[in-house]
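This is the structure, below, for whatever I ask next.
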Amino acid sequence: MGAILSIASTTVGEAIRRRVLLIILMIGVLLLSIIPSLGVLSARSETSTMIGTMFAVLRGTSALIAIVLTVYMIPNEIERRTIYTILSKPVQRWQFLIGKYMGAVFSLGLMILLMSIVMIILFQIFQRPEPGKLLELARQSVLYFIEMCLLAAVAIFFSTFVTPLVNFFLSIGMWLVGTVLNPLYDSIQSNQGASPAMQMVAKFVTSILPNFANYDVKNPIINPGQQIQNETTYYLGTAGYGILYISILIIAGIIIFDRREV
Amino acid sequence: MGAAIETRKLTKTYKSRALGKINVVDHLDLEVEEGEIFGFLGPNGAGKTTTIKMLLGIIYPTSGEGYVLGKEIGDMDVHKIISYLPERPYYYEHMTGMEILKFYGSLFGINDREKFQALLEKVNLAADASKTISQYSKGMQQRIGLAQSLLNDPKLLFLDEPTGGLDPIAHTEIRDLILQFRDEGRTVFISSHELSEVERICDRVAIINKGIIERQGRLDDLLRGGRIEIIADGVNQAFSDSVRGLDATVSFHGGRLIVDMPEEGDVNGLIDGVRTAKGNVVSVIPRRRRLEDLFIETVSSAKGKHDGEAA
Amino acid sequence: MRTNKSLYVVLAVIVLAQGVLHGGFLQKFWGKNYSPGKSGVSAELSPDQIILQLFGFREFLAGILWVRADGFFDQGNYDAVLPIIRLCTILDPKQIDVYATGMWHIGYNFTDEDQRSDRRYVPSALALGKEGARQNPNTYEMFFETGWMWYHKIDDDYHQAVRWFQEAGKRQDILPARRNLLTQAYFRNGQVSEALDLYYNLLEAAEKRLKEDGQFGAHQQYATVENNLDTTLVRMVQRGWIAQHSPEGRAQNWYATGSYDTKPPFDVGFSAKATVLSDRVIRFEGTWNVLPIGTRVRVVLRDADYPRAKRAELDWDMTDSVSLDPPRNLTYMQDQLFVRNRRFNRKVDMSKDPTMYPFLAKKYIIEFYYNPRSAPPHIQDKFGYSGEGFTDSKFRNLEARPSVKFVPVGKDEKGNTTEWKLEPLTGLQQPVMYTSLEIDQDMVRRKGEWVDKTPVIKTANYREPAQGKEKEDIIMVPTLRAGANN
């Protein structure tokens, strides 16, 4: 455990100094800052527009950070040979992989936390909402964080056997597909023209691929007035799902990385 | 003393689309004794780094066996008592010298600040402990690398080009450290191109070429077969002719005789003969065989053999 | 390098576990509570809707587009607004304003040069309303707007207005004044008891609200309801409804023995003639023996085989699919013939709008229709709530409009009604005036044999005015108030 935490800590130190990530983070914060002024352009209420757009920026920026952070993580260590000095110590490969992943998660958490704080502060200044609303914003941010942990795990998994460039596009593609899985599934299931075989395939695919849409719960925040029952159970469920799927990806990554020539 | 490193027919095969299967390391039989400084030599691409990586468990052999300190390669218990300094090491640039030691120390479960400080003093980096790696020179980075390789008090050190790119003073410092390691009872496995350094400090060497060990043994034994040059004045042509048959290269001009003969030859007999011939021995200069000569000779003959086999 | 075999087992178990968790709970829960829009709003798959899910900016984009639409409204470019409406509703199904305004735009704003509505759009307008209600089931607005479309624009099939206003009334956020409209819908659907009950409930609610909140709005609501109820009660007496429907009235046969405004039924004496003056220009004239102003007789001219056509209307509820393109090969004209001095005379010029009136079919039908349920109050004082005091010796029709109501039969998990079935209103008839004439393309277009001949079609009882002037020829009939001519 000590080795894992040390590797994680070093990874965080490196990540928060990477210029590319800091630039993406800065752009995200900048976009969040200008959103309150865009509300007047839209016919929708300013609150709904602000919430919807801020969440979109938060989610998009976090996804980009998660991918850029992790696609180079393992290949960089191999290229710079830092991995040799680590693996020559009593450190198993799985400890190294998990340490790097946890470092990515901590770094991601810090960046998402920063953006969320900016978002909440801006919302408080421009909308003066009731405290319950701020709590809802924070809750969605937490779910986005779990979503990005899952995305980071996808990228780390791919990084054990593909190059960073291929990994970048694979990870983005996986995220985009995973985001539309729920509405795609709904459409196919409710489409009269879809054959039973197609529906079975849809069910199978949506059960196997990582689902990122589950973490997008902003609709009732933007359009309040809905009564949702068992919400806490759902949140625990999505967190559990995230943990399970992350475990799958990390274990699969370990199996592949164990065999990989470095 | 037992063997610190032992390999039997250790092989690493890579597949390449262009060249098919290549044995980068080919049936390696290596033996390194405990407490010695072992030099592992070879041209570029000979398989030195691949061998080291296999011994460290970083990559996996295709076939054969390898043992480090009596345990099979890859054993995590062994990793607690060995260390590795790679060629051109890279450390996290944002970390200071002290933080580097803390990080690598944590991988062993070591968190002893005094020990880290002592190590920094040992490698002459105590004054620069709070500078970041990005501020270190090449030599300083090499020294911090040595410091991290000593964190766990290793019985066996793998040093890959430890003096690569360093100035002469740094060379000397590193060399003295390595000799100190041996005095402390550690085994040092050095892979290097710096033949003069290897010749000075190594007890035994192996020369690898195209994945095969061409020569292996004690340095003295390998370098045996030097020559001696004897210069004498005041002897005549007849004496010079008498010396020619002694498996020597003889040159006689203007009364000066120059004889170049194997060191095992009858040197004393020749000197006595010069005196008997009323001549004058001007100088007796032993010319010892150099490691460089051995290396070039080994690699060239190996090339010829492989070319012949290929033909 | 040797991976522990148990790791594979663990991996397989976790893959299974996440599949069960996701497929068995998370996916359904998300679809029910967090989906930005139900993907199955129409039978056809909409790729745009799926792709646009990716963008969290959907609400923002929809808002900007809607502002753009406003610009097109101002310019009068109504066609350009249609695709924007559709796009906005796809991007942001929770933006109710788009649905409501879109419905109004589609249903009301496409007209000919004489401001006659292009009713071929009405099914799409209703479909948009229904979709808006499905997407926003927790607020009253779209239910109310859809009901209003039935009540005001279509002004027929009042059981539909009743259903939608009822649904609107179930939502907590309905404005009190809007709840009142259900009473009028009940009246028009012949559900007088329900209307009266609702009035009393509204009065009670208004009284309660007045006590809690003494604001002007509460006063106004109370006064309105009280006034309406008073007037209604008086009318109910005068029209004989109380006599016919109260237990005491029935027991003592008040209606048969008493003198009520709705007795005896008044024969409106409808007759009509249609003269094709020129290509697609038709004059409708005829008689309607009701002196007080306020009668509007509906005239419809449509393709004889117009799909889903009913008597003097279409099956407006025919589709759930919003189409921005009406059936351009079909003709449907509907207008009101205002009666003055017991006659009507109106020229309908369809020649200026050939796209709206293509007249591509061979055969057409002209329908005349009148429903006493939609009469203004002063005329209904004679005709009664359900035509008790109304008749026409030639054209009274009891089948054209059945008396029915919707009954909820299915609900979703949140208790919202999702399925209804139609039930007849027992013992209640809906007498209307209805007749039709046939006409063909050549006659309407003045082609073939009709190039030089003027096509004239009329009801069998039509008589030309004796002196050629409409107001001279008056048919003597009893006044509308019973006993007044004695």
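Per-chain residue numbering starts at 1, and chain names A, B and C are given in the order in which the chains are listed.
Here, a contact is a pair of C-beta atoms (placed from the backbone, for glycine too) under 8 Å apart; a residue touches a chain by one contact, two chains touch by 3 or more.
What you see is a predicted model, and the numbers here were worked out from it, not measured in a lab.
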When you take the mean of every protein CA atom shown, which chain's own CA mean is nearest to it? A
Farthest from chain C in C-alpha centre terms, which chain would that be? B
Could you put a whole-Å number on the gap between the CA centroids of chain A and chain C? 49
Taking each chain's centre as the mean position of its Cα atoms, how many Å separate chain B from chain C? 98
Chain-centre distance (mean CA atoms) for chain A and chain B, in whole Å, is 51
Two-or-more-chain contact residues of chain C, please, as numbers and ranges. 1
Where does chain A touch two or more other chains at once, residue-wise? none
When you check chain B against every other chain, which residues touch at least two of them? 60
Give every residue of chain A touching chain B within the complex, in rising order. 2-3, 5-6, 9-10, 13-14, 17, 80-92, 261-262
Touching residues of chain B toward chain A in the complex: what are they? 53, 56-60, 76-77, 79-80, 82-84, 86, 88-92, 94-95, 103-104, 106-109, 145, 148, 152, 158
In the complex, chain A residues that touch chain C: 38, 41-44, 48-49, 52-53, 55-57, 59-60, 176, 179-180, 182-193, 203, 206-208, 211, 213-214, 216-220, 222-223, 225-228, 230-231, 234, 237-238, 240-241, 244-245, 247-248, 251-252, 254-255, 258-259
Any idea which chain C residues touch chain A in the complex? 1, 3, 7-8, 10-11, 14-15, 17-19, 21-23, 25-27, 29-31, 33-36, 38-40, 43-46, 49-51, 53-60, 62-64, 66-67, 70, 92, 94-95, 97, 138-139, 173, 414
